[in-house]
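Each of the next two complexes has chain A plus one more chain, namely chain B in the first and chain C in the second.
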Partner chain A sequence: MAHQAHAYHMVDPSPWPLTGAVAALLMTSGLAIWMHFHTMTLMSLGLLLLLLTMYQWWRDIIREGTFQGHHTPPVQKGLRYGMILFITSEVFFFLGFFWAFYHSSLAPTPELGGCWPPTGITTLNPFEVPLLNTAVLLASGVTVTWAHHSIMEGQRKQAIQSLTLTILLGFYFTALQAMEYYEAPFTIADGVYGSTFFVATGFHGLHVIIGSTFLAVCLLRQAQYHFTSDHHFGFEAAAWYWHFVDVVWLFLYISIYWWGS
Partner chain B sequence: KMYYKFSGFTQKLTGAAPTAAYNPQGLKQSLPAESPTMIFATPTKVVSEAGSTVEYLGANKVPDLQKFFQTSDGIPVHLKRGYPDQLLYRTTMALTIGGVVYCLVALYIAAQPKKK
Partner chain C sequence: MAAFGRFSQMLLRSSLTQTRRQLAAAAGHGGDSAKTWKILTFVIALPGVAVCMLNTFLKEKEHSHDAPPEFVPYTHLRIRTKRFPWGDGNKTLFHNSHVNALPDGYEGHDYTCLVWDGKDRRILFLILCP
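What follows is the complex of A and B.
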């Protein structure tokens, strides 16, 4: 059936890059239209298109890899490079927000009272919910490693259980953080403290949600026998992403919650 | 005539109704004194011996899906499943084209100078 004399993957023509690009166009111009004319239609349309694109594109990758066998070792190597490079780009994304935080907090201006935390800011106690959040994410790092070993050893039930536990811990973190946001004595509008706090932790929270979703998809795939004991790169990619999210939190906790309080 | 039963509470004989005396506690007429021998699924087996025949959350459909997706009918992977794929694709494409048109119109309107 295959007529190629190489191990690489020549993909079928696909409409998803186009629909994804259009989604980006609609979301960005929609954002501008929302700001000036107060209607969310264009932006929502872009978001819907983005979700449809992601669903169908990744569905097709699963079809190509798991069902059609296109993910040979050299192809998988390329996918690994791709995921590593993507996570690296995300590291730089967060680096920017840490730069902003340290820029403002290492040399606090007179407008802030010349001190950090700025005058009038009641910081969160780092040894209450933030410490619990740290424990939750560290535990989830253990459970995701447990899931990986279960998959490699062919232990189906254990893999499903440990992966489920990981996802539940991710949800628990998100719920705790949402509660903290609601109860916090300061807002994003409270000067540079509020800005750096909520932008950095907010983007982190978004990444926790993305990571939990990725792991949930892996759980569905594991239940449907997609992963074998030596070929389960989708899961490994999710686990790498999850460890990255955990490490970002540790930096956030040390810098903003602890040193910055 | 007094009727007695052995009270399980006080561990002594106490007065009782005739029915309780004729039917000592624990024994009722027509019910067997011992429960019938329990019949397990035969033959009984240890879970670890069940092996691959035990299904956990459904059976493995991957080999069937592999066969299905590898049919050489020339259909691209995003339409391979037929009708549900087509429906989703057409909806997505309609939103794409409609969205571009709507976007251009919205940007054209936004670019008009405000009338005073």
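What follows is the complex of A and C.
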């Protein structure tokens, strides 16, 4: 009889770490090829492999945790540490772009006109769409908290409603930002103002899309009875990530949109 | 005015966190906190979004008739050190010809350009640039 005498999860052999690494290689080299030789094949192949890897790896984790019972309390604790460490690494990622922004804007060079915003840049009004975006993300933080409490109290219908509302708010933010990007009177090629603005807000937008997708997966899982009132770490991880995305936006709004205008 | 809406939303959130803790303490294990957050959603969060939507809509209407900013061929803007890997290589990913000028001006506009001799500090000639 094969019983383990410990509460930890000795994971079965899996090909997904390897396919993930290969995907990373193809995407990065593919990006370089696209930039210099104008063909997207390698990069697209890498992207496809990445999507397949993510789908299958996370599907396997859900099977191990939800259906096979491998996610005991110590295992869950490890997953919590993992998510916290990952989010911390993302905080440092954004810190870099804020550093770039403050470096350029606190001491604007003569080439820019010695001022910030630089000469010739028409900034966005922080009290129009950016303010709406702030309200949308703050509201989504309230709705995701409603969802969490609903799950903890075993309120299935409310959990589904509040989670759906959160995701819709996330989509609304993305749509508003896409419209702002199209209507902006400045571009990424407009010196260091354009670079810092679009790289910082662009990576933030990508994280909103990732966060919305994570929440959407949680919605599908909630609908399929995966979560119990005591054990729903996948949802908690998604909610932590979503709050992180909200906080990054607040810093972006204060620094780039408001102070930087 | 709209900023007030956002500030009050943020202030209320922090004082409401205290209220939530009190409620949770009173109810033992916070047995009906979902209701609290549901109320917060429909009374504060979503109306806050609605107010900001109205504000945005009104402000957009106010200056939907504005012309795009005047084109000045600054060298620190519209940088093109390398072709973009799409299209003609000259337009950014979210290029909007109504509000984004290319390095030599807005598309479809004609400009009178003066050619300046920096060494002798004089205008050499005026030309029409499409």
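Here, the second predicted complex is superposed on the first by the 259 of 261 C-alpha atoms of A that agree within 3 Å, B and C clash if a C-alpha of one lies under 4 Å from a C-alpha of the other, contacts with A are read in each partner's own complex, and residues count from 1 in each chain.
Criterion: contacts are C-beta pairs under 8 Å (C-beta built on N, C-alpha and C of every residue); 3 or more make two chains touch, one makes a residue touch a chain.
Keep in mind that this is a model prediction, so the values were computed, not measured.
Look at chain A after the overlay: chain B and chain C fit there side by side.
When the two structures are aligned on the shared chain, A:A139 is found in touch with chain C, with no touch to chain B.
In the overlay built on the shared chain, the residue A:P15 is in contact with chain B alone; chain C does not reach it.
Applying the stated contact rule after C-alpha superposition, one finds that A:S104 touches neither chain B nor chain C.
Once chain A of one complex is fitted onto chain A of the other, the partner contacts of A:Q177 are absent, as it touches neither chain B nor chain C.
In the overlay built on the shared chain, the residue A:T123 is in contact with neither chain B nor chain C. Seen from the C-alpha centre of chain A, the directions to the centres of chain B and chain C diverge by 100°, a value given as a multiple of 10 for the model superposed on chain A.
Contacts of A:H226 after superposition: chain B is touched, whereas chain C is not reached. Within the superposed three-chain model, A:G191 lies in touch with chain C and out of touch with chain B [touch as defined at top].
In the superposition on chain A, no contact is made by A:T201 with either chain B or chain C. Between chain B and chain C, the shortest distance over C-alpha atoms in the superposed arrangement works out to 16 Å. No residue of chain A lies at the contact with chain B in one complex and also at the contact with chain C in the other.
The touching residues of chain A, counted against chain C in their complex, run 34-35, 38, 111-113, 118-122, 125, 127-129, 131-132, 134-136, 138-139, 142-143, 145-146, 149-150, 152-153, 155, 158, 162, 165, 169, 181-191, 194. Residue ranges of chain A in contact with chain B, taken from their complex: 1, 12-16, 18-19, 22-23, 25-26, 29-30, 32-33, 36-37, 41-42, 45-46, 48-49, 52-53, 56, 60, 63-64, 66-69, 156-157, 160, 223-226.
Residues of chain B that touch chain A in their complex: 56-58, 60-62, 65-66, 68-70, 72, 76-78, 80, 88-89, 91-93, 95-96, 99-100, 102-103, 106-107, 110.
Interface residues of chain C facing chain A in the complex, by the touch rule stated above, are 2-3, 5-6, 9-10, 13, 30-34, 36-38, 40-41, 44-46, 48-49, 51-53, 55-56, 59-60, 68-69, 72, 74-80, 82, 85, 92-96, 99-100.
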